[in-house]
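Note that the chains are named A, B, C and D in the order they appear, and that numbering of residues resets to 1 at the start of each chain.
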């Protein structure tokens, strides 16, 4: 069971790397989802090691929050794509128009 | 113990495939496989309900949403003319290594207390009785959050043309009042 | 124990599909002529890339499915915990509130004609 | 350890062998049934009553050349049929074919994946079904198959909602997730001639689930995504020999898995008629085999029902189809759930 702690930390950091490193918005959202799953795994491990059952419930709520986040994030990406025909972070640097 | 290592290796492979793949659809597919192997890990850790919810919500709805959006936005036109800047790669790997080092250090220090399993009963009704006794308010607030997400998604994606029509209808009604 | 049997089951399912594909690629004739990429004889040559702009309704159905699926899956603990919960009125009150908010969201979808396909 | 491996292998072979073995028979029943309804003969040349015709089809699929169109995305093009088949087989892992029986000195649970969340796992695994279709549409890289894949997935996704409301209603009535407890709860009779099946407890949920099965497995009248007259056979347009057969098998196995779920929840699972509980709770092996046979008989009836509906109802238009899913079935499902909760609350 102790290897899963390292796995959770690794997933979180890999997601962090992905969000910084990736170019287009959908991949950034994918890596954010990876970070969320790392956190969820950590919650379950803590609920197992401390015996506090509320941590597993927190996993359900993190899933709900990640579902809402993905829903709204992808809607924004769609709206951005319809307006600017691109989802690459380099082309969306101008705030004004 | 062997199963733990086996599952960890599979998850790590799919996570690396997710981050370091050239095409976005391949990374979406890798995300689906990571979420499925995580569901297996949850089951192996004993929380059965969470692995079922993980399969249904994360792997069954969110990952499908990603592939849906990828089909809507054709990414092929961006693929070739994007050069990867080396500095960004260096900075991101540096931050990742720092954060990973800190986390690994923290875990290493108290690995003994962390890896002991003193969860008394991991059954579902213990989990649900706790959900509906102490955590009843978040259970209710979750629907309000989802309602806000529904409204936001519809308003963002329905085109302005539709909203403009509603305004014109309102103006038409006014003279009659 | 059932974990191992599930993993064995998945492995057998994967090997089954791989074997089926493998057999057919072995047995099938190999006619490596370049003709394969032209269209079937009566077809029209494919024009433009496949992923042009598709209707937004597909995406909206998937997004609304996700949000409602989360709500219905959230009902499952309630349904399982109802029988042995201390007082039923408390649970029922929560259920009514939960369903009211869900119906508000549902009525909003119907009124906003977000999923109307015909126009 | 060795004996456990033997048991796992036997269970997997039985649970995988039943649908895969019955597949040629089901295809044959479908073609003969269709012929019977249209007053024609159907395949009866190959072997007695044409029973070897499906085997000939399978052999044909084996030997046909693997046409690999050039404009196709190779990885997803070959991965999609395999994913479709694996995802279609997954729900079978959680469905038991008989009650836990006594054999070789200990109780054996007849399903591969023993957990007290049987129904929920089977349903979650069938929620993954739209993945093979999406990747097929994306892999074959032409407008028709992409549009077909999007349509098929949007339809499966929107009918899954009403399906899950009816599953939640049934779990509420039986207040358990475990399949064995659910089937045991359906023993006995009301006024000693109506069997205590889920169908008579929750007729609305049964109807919803039935419609959901047709929509989920893309069967007529909901097979708009792959209807030949609609968009040229939808997502499996670019697929030729064995890959097309894999899609075909995936659809049938998905249909069998969902109809076994339907039988378990609404028609008393593997007990033929609720008279069997007179036997002691320790079920010996022959009774278990009898239960497997009764489950197979029920599945056969369901398959015939599929064929029967396929050749009677016309195909829905796409917007009517989506309206039915969102504006008609979902409110009925939610209302049915609310009514059952209130009924159970005020009854005690």
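Quick note on the criterion: contacts are C-beta pairs under 8 Å (C-beta built on N, C-alpha and C of every residue); 3 or more make two chains touch, one makes a residue touch a chain.
Everything numeric here is computed off the predicted structure, so don't read it as measured data.
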{"item": "Chain closest to the middle, measuring from C-alpha centroids that were averaged per chain", "value": "C"}
{"item": "Far-end chain from chain B, centres as C-alpha averages", "value": "D"}
{"item": "Geometric centre distance via CA averages, chain C-chain A, whole Å", "value": "20"}
{"item": "Centre distance in Å when chain C and chain D are each reduced to the mean of their C-alpha atoms", "value": "15"}
{"item": "Euclidean distance of C-alpha centroids - chain B vs chain D, Å", "value": "29"}
{"item": "Mean-CA-position distance for chain D and chain A (Å)", "value": "34"}
{"item": "Overlap residues in chain B, where contacts from two or more other chains coincide", "value": "43, 49, 53, 56-57, 60-62, 64-65, 68-72, 124, 127, 131, 142, 146, 149, 153, 157, 159"}
{"item": "Of all residues in chain C, the ones touching two or more other chains", "value": "4, 51-52, 54, 56, 58-59, 62-63, 65-67, 69-70, 73-74, 80, 102, 109"}
{"item": "Touching two or more other chains - residues of chain A", "value": "60, 63-64, 67-68, 70-71, 74-75, 78"}
{"item": "Chain B contact footprint on chain C (complex, rising order)", "value": "3-4, 7, 49, 51-54, 56, 58-60, 62-67, 69-71, 73-74, 77-78, 80-81, 84-86, 90-91, 94, 97-98, 101-102, 104-105, 108-109, 112-114"}
{"item": "Complex contact set, residues of chain A against chain B", "value": "1-7, 9-18, 20-24, 26-27, 29-31, 33-34, 37, 40-41, 44-45, 47-51, 53-54, 56-57, 59-61, 63-68, 70-72, 74-79, 81-82, 86-88, 90"}
{"item": "Partner chain D, residues of chain C touching it in the complex", "value": "1-2, 4-6, 8-10, 12-14, 16-18, 20-21, 23-25, 27-31, 36-37, 46, 50-52, 54, 57-58, 61-62, 65, 68-69, 72-73, 75-76, 79-80, 82-83, 88, 92, 95, 99, 102-103, 106, 109-110, 115-118"}
{"item": "Residue ranges of chain B touching chain A (in the complex, touch as defined)", "value": "4-5, 8, 11-12, 15-16, 18-19, 24, 27-28, 31, 34-35, 38, 41-42, 45-47, 50, 53-54, 57-58, 61-62, 65-66, 69-70, 72-73, 75, 78, 82, 84, 88-89, 91-93, 95-96, 99-100, 103-104, 107, 111, 113-120, 122, 126-127, 130-131, 134-135, 138, 142, 145-146, 148-149, 152-153, 156-157, 159"}
{"item": "Chain B residues touching chain D - in the complex, by the definition given at the top", "value": "25-26, 29, 32, 43, 48-49, 52, 55-56, 59-61, 63-64, 67-68, 70-71, 124"}
